[in-house]
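Below, chain A partners chain B and then partners chain C, in two separate complexes.
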Partner chain A sequence: MELAGNGLAKGASVVFRGLRQVYGSTVALEEFSLEVAAGEFLTLLGPSGSGKTTALNALAGFIDATSGHIAIDGVPISDLPTEKRNIGMVFQNYSLFPHLDVLDNIAFPLRMRGLARRPARERAQTALDLVRLAEYGRRMPHQLSGGQKQRVAFARAIVFEPRVLLMDEPLGALDLKLREAMQLEIKQFQRQIGCTVIYVTHDQGEALTLSDRIVVMDKGRVLQVGTPKEIYDAPRTRFVAEFIGVNNVVPVARGADGGWVLDGVGPVAAAVPAESRYAALRPEILRAVPGGTGAVMGTITDVIFLGDVVRYAARCDAGGSLLFAQRREPGGGAHPIGDRVAFDIDPADIVFLPE
Partner chain B sequence: MTRFLLGVYFAIAVAFLVLPLVLLVPISLTSSQFLEFPPKELSLRWYREFFVDASWVNATLLSFKVGVGATLVALVVGTLASVAIVRGSFPGRRLLHAILVAPLIIPTVILALALFIVFLRWKWVDSVPALIFAHAVVALPYVVLIVSSALRSFDTTLERAARVLGAGPVRAFFSVTLPYLGPSMFASSLLAFFASFDELIITLFVSGGLQTLPVRIWTDLVLRLDPTVAAAACMLIVVSVVGMAVAEYFRQRNVRRYGS
Partner chain C sequence: MSRRRSFQLALLLGPAVALVGLLFLFPLFGVMKQSLFSPGFTLESFAKLVNSPVAAIVMRRTFVLALTVTALCCVLGYPLAYFLATMSKRWRAFFLYLILLPFWISVLIRTYTWMVLLGREGLVNNALMGLGITDGPVQMLFTGFAVHLAMVQILLPIVILTCFASMVEIDPQLVRAARTLGATPFKAFARVFFPMSIGGAAAGAIICFILSLGFYVTPALLGGRRNIMLANLIDFEVHQTLNWSFASALALVLLAATLVLLGLFRLVAPERRLHG
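Our next item is the complex of A and B:
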């Protein structure tokens, strides 16, 4: 009953096949098919109402999907009640049992599996050590801070060594600093345990930080599946580009001379696919040359100093605005508002989007 | 100025509610044969009288017996009914709720008469179980009202958490939902108990020869009035205050645990 750290991949694969969920006249999930590899950290990313939580609830067995099926390690689970699916889950509001102390909370899934109280509490202590709250076993949940509750919830979800762990916006209730610290911890815990994680969030930063793969969803449909790099570097639609944090998405059209023009920015000398409607300009491909001259000129309108990086907003002479960032030289300053810059954009870095 | 007037109003309102109860204490402590205020001489004579007189003691014991029985029946039936009303999706849920709460609204005399007619037909007067049943009808609304409102405010993701961690639906209810309902069930069982304990009208109709404490007090008032009644009343007040204090303690504890 070694809890962690043996380096074996203990995760199970999860397959969704043609899942469809309808509530009255609204379609919450449509044609949801997905294969999650054993031990993978997969994130369902989308705004509220995108169907990501519906997919999670169907896997946990909280809802019966209208049609389609789900299998864990090749075994269909659609007919299994929730408690027989052997899935770990961390909820957004932690859902610790308020009348039980921390150890009894963590021991709960073990007790439900027939373990007596004492050995269950002993194993719970091991899980509590893993999340570095060894001393907190006798506290009641209301005596813990948000971050501590989160870790206890995590310990409770993994103590029975489930092969699949679901996390439903687990960091949503924490403040930003704590959220960033917890992201690293979650990633670390998952590597130690080796279970498959399906993570739901609407926070693109979280998705990029944690995931092996990201599934971007909207209105019950999957828009794009890929590694964080694939999604960020090559979003397939405008929605994906904007949701993943590509700030500059501008319409493209043919100019009067027949060449392609980035609306509000300037002409573009690239091989543009004929059906393109938008161009995504990731902030890091915009190289701003102060005092230079070029096809795309602009004036700095806003400066956000972040220490290692300085973010700028600039208004192009053609009327559009662009956001870009520059790494600061040691001891160097920032361009002041009102500075003129020329944008040097490698056309090969621009992503053209059909929709 | 407004503050001062509100203060005066508050004092009058509280006095109106509490003063009659407070006056009972000196009256019960008199040594004279009669209910008098203020008492000329203090003594515990009537308290002794209460415990010496078998009819008082028996009436009290019967009231406790019926009260506990009616409370248990109301608690079990009322909690199960609340679960059905709040969680179920069958037609007539609201109607069921209304029927269960109705004894609180229907004039007691009418309820008493109805129970009397039914019990008479079944030859079910003069029996303790019958009295428990009749009192449970009156106690039920308190349980249904309090437990169903607690159940409505219960965060069902706790039950989901229990389910996904391996508890079947029944086990999830007993291990997660019931502890949450505990203080509400306790508070409602106190109300249910006192609803039964001081129930007079229905008891007069259906009890036959059985004498509960309120019936005993009632006959005393009709036949001869002595300060034993006041002594009995004072002891009842102490019992109810202690009960309410305990219920409040558990309620506060629940607020701490489940709050925020």
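Our next item is the complex of A and C:
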């Protein structure tokens, strides 16, 4: 067994097939089928109650799914107890053992695999070096900060080279700055050790930053699976369009003349699929021309200064409101509230949604 | 500290300090004086204590009894507490109530109840004879067995509750984490849950041991003449032989043993380590 970090350790593929989990009369997970490629960083994204943690718990063996099965590298694992599944897991509250020092915490999985204390602690030290806490081996968990605990938990979860690493909202308890820094670190660590990661979060920004692919879930069902770019640019449902990033979602309908109309915005010249019910317009696709004239006109009602970008809310003359964003020139200002703008929308950028 | 704050403190702590000082510390000094002066300073009582075979036997018997009762309470109480700490919340309230129920009945009454149960014509003997298991009544009352049984019954709730209190503090997620790291259910218990709950168990054991050392009513009523304990000996020296100086020396030994144990208790239960 070589320690991770040498590029030898490789992840395993994970297959969920028709997983279903029912608690009493509530369905926590319905028809959950998913193929995770070896070495992939996959995120289960959804609000609380979407079933993402249920899927993770089924994979870890904490619950017996009502039906369906799971396989790692083609081998069914449904009958294996948790400790035999060889899955690393990082919990939101870190779950470090408070009665063991940092090195003994990290050495724990090695000790469970029959390694003596001294070699186990030596390998734990290598894992501790990886997460850049080399000097902290003799500290007790309560002497560490949140970010440090998180890294120790990570080291403990990967020291035994699991082929799959599960992370359940691992950054949920950290403040924003630290969370962003840790996102980058997690990504780096994963590249170094090459294991498959299944990551659970309700934070869409985190999902976009980290993932190779994102699985968007709601109410126990998978809504869409795709790369961050696909999920962001081509959402297939209204829920996905609104959950990921900032979006304007407006109903579409046929106007009196038989052409398509964006409700509260104006007519649209695009080739609209017949079954469309909503249109999603990202703020950055709306080109607003101050003082211009066009088919869609509006008045700025709010200005949100974000630094590199200024986001505006505008009320269209047709009654609807739109968010649009403009990149700010270095040192430049923003349009004042009350300014009139004409919207120039490229129909090709609009995403039409059937539901 | 401001003047106002110290005044508030004095007001809040004053009554308790006065009560402890007047009714506990003052008499305690009396006991110390009693054992060391008669009327001039003398170590006569302590010399008698060291040389007296009776005192040695009774002291050894008391410590052995306390140790056995404590061990029994831990062996019985720890699994019960584990059972309570890991069960669903609704059932937990019910079982806690059952455990506390006998706790609310006076020790004296519970001891008398054991006399009724264990006597020659008691419930247990009648049942044994009725079922044909024994021909005649079995001698249970006025034996060490009766003392052990009653003391375990009386002290068990204390051990259960102290164990339980430390166990419910343990995050069940930790046991799950241990499982993902390769621990079998038994190893997860032995390496994670047990070490984290042992502080509470030790606290319960020491409280149980200290209380056992000073038990008076139960050995007096259930143990008979052959099972005299330290507290009974002190009572005997006070009431029968009127050797108050010797009784005071015995009482001080009991107090010293208790204080040493309390010191040990502080050592085995460092709070920071348990709830990081």
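Everything that follows uses one rule, which is that the second predicted complex is superposed on the first by the 346 of 355 C-alpha atoms of A that agree within 3 Å, B and C clash if a C-alpha of one lies under 4 Å from a C-alpha of the other, contacts with A are read in each partner's own complex, and residues count from 1 in each chain.
Keep this in mind: a contact is a pair of C-beta atoms (placed from the backbone, for glycine too) under 8 Å apart; a residue touches a chain by one contact, two chains touch by 3 or more.
Note that the structure is a prediction, hence the values are computed from the model and not measured.
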item: Fit or clash - chain C, chain B, common chain A; value: clash
item: Touching partner for A:K177 - first (chain B), second (chain C), both, neither; value: neither
item: First (chain B), second (chain C), both or neither touched by A:A60; value: both
item: First (chain B), second (chain C), both or neither touched by A:R118; value: neither
item: Partner chain in contact with A:R327 - chain B first, chain C second, else both or neither; value: neither
item: First (chain B), second (chain C), both or neither touched by A:M140; value: both
item: Set of chain A residues, in rising order, touched by both chain B and chain C; value: 60-62, 81-83, 85-89, 91, 93, 95, 97-99, 108-109, 112-113, 140-142, 156-157, 160
item: Partner chain A, residues of chain C touching it in the complex; value: 171, 173-174, 176-185, 187-188, 191-192, 195-196, 272-276
item: Footprint of chain C on chain A - complex, ascending; value: 60-62, 81-83, 85-89, 91, 93, 95, 97-99, 108-109, 111-113, 140-143, 156-157, 160, 166
item: Footprint of chain A on chain B - complex, ascending; value: 155, 157-158, 160-168, 171-172, 175-176, 179-180, 256-260
item: Touching residues (chain side chain A, partner chain B) in the complex; value: 60-62, 81-83, 85-89, 91, 93, 95, 97-99, 108-109, 112-113, 140-142, 156-157, 160
